[in-house]
Amino acid sequence: MNVYDRMAELSVTLPPPPAKGGLYTPAVRFAGNLVYVSGCGPNIGGSNHIGKLGAEYSIEEGADFARGCMLNVLAALESRVGDLNRVKRCVKVLTFVACADTFYAQPQVANGGTKLLADIFGDENGLPARSAIGVNVLPGNMPVETEALFELIDGI
Amino acid sequence: MNVYDRMAELSVTLPPPPAKGGLYTPAVRFAGNLVYVSGCGPNIGGSNHIGKLGAEYSIEEGADFARGCMLNVLAALESRVGDLNRVKRCVKVLTFVACADTFYAQPQVANGGTKLLADIFGDENGLPARSAIGVNVLPGNMPVETEALFELIDGI
Amino acid sequence: MNVYDRMAELSVTLPPPPAKGGLYTPAVRFAGNLVYVSGCGPNIGGSNHIGKLGAEYSIEEGADFARGCMLNVLAALESRVGDLNRVKRCVKVLTFVACADTFYAQPQVANGGTKLLADIFGDENGLPARSAIGVNVLPGNMPVETEALFELIDGI
């Protein structure tokens, strides 16, 4: 199914590509059909979520932040490749969760992002290899950050 | 030498592939001959190690945990590619060490995992590029987590 | 322009390749033209910077450390590939900043490393995809660590 039809069914709308927060490139294509997307935070539009899991935010809020990170990742990817129907699969995701030292549910948080990928691209191509880790703090005090590696379809 | 003969010499037995802890794929093959293995913890069989380096655990225990993580990584890799003789090299490892703010021996911990790779695949193909970092907490309060990128032999 | 002429203009001198701090390979070439460089710290020559951002060090000092990390990354890369004119682009950088729980300027720190890449290789090829995260502690209590993925020019 066309990816954009699927997103319409899911009522998923991509935000504008996230503003760059430093000296880097939002999404870099390399080795033919691979694209690395820079770490993206959860803020969309005018939102400015700050704080940490296990302190200011619950697991459910964290999962929603991880979903927001992935929406920004997809917006950066689309901005680079033009058409998300060119995505063969999401290869790898690394999700960082800013959290208290006693917060242990990083995977449940990260699921909010990879569930979106599976919903859009299907389980087989949408569920990447993944690591989800805790960190003591992220840029701008944002609660979650996600980077991702994608593979594109040959010859498109 | 056949990888499994080498493992037998070393008395290394792979565990069953680790149970998935979320919405992801344990090992994803991409770009022809590359495989990304998701972050794996140290628990094998019924063990449930929880706690941090520089607090509950010593460097030596940490190195043994990193070895356990790598056994799980190899089990996930074998489950995806079928035969570890197809491994050309381990390209890259990222080892996260949950630790006290004053624990500085992350590389010695990570060595427990990469030593296993070198023992099995030889120094030239077994020793990957690596980063070893401290983090304040990991999923389920596990002490060590490792993800890895492998390259397979062409045409097998 | 020849990369070494550009470095001379910038008065950039590469240090000797950093000493290995464990069981790994400083830079691994794979999948034809890709090279993964292991996590490098900021110390060059006899320096031994220890401590954290938001505690012992300022943002400006952190950016200088990130530049030092990148000099070590480039030295490890050159040691593997022989001639930095073979670099097509820097694909991806991951910068870890050891910091206080209330330090939020990881991107400004990481900019010190990616600015060096842009100065040497140009914005288009020098600015990689990037994540910059905080961690509670790094090996040897160093303040910043950077790993990097490079793509080489075909057929050289």
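To keep things simple, chains are lettered A, B and C as they appear, and every chain counts its residues starting from 1.
Definition applied: a contact is a pair of C-beta atoms (placed from the backbone, for glycine too) under 8 Å apart; a residue touches a chain by one contact, two chains touch by 3 or more.
None of these values were measured; they are calculated from a predicted model.
J.: What are the mutual neighbours of chain A and chain B in this structure?
T.: Per touch definition, common to chain A and chain B: C.
J.: For copies chain B and chain C, work out whether under half or over half of the interface numbers are shared, and give different or same accordingly.
T.: Different, since under half the interface numbering is common to both chains.
J.: Which integer distance in Å separates the CA centroid of chain B from that of chain C?
T.: 24
J.: Please list all residues of chain A that touch 2 or more other chains.
T.: 31, 94, 135-136
J.: Going by the contact rule at the top, pick out the chain A residues touching chain C in the complex.
T.: 21-28, 30-31, 36-39, 94, 96, 98, 135-141, 145, 147
J.: Can you tell me which positions in chain A touch chain B when the two form their complex?
T.: 31-34, 89, 91-94, 99-108, 110-111, 114-115, 118, 127-136, 149, 151
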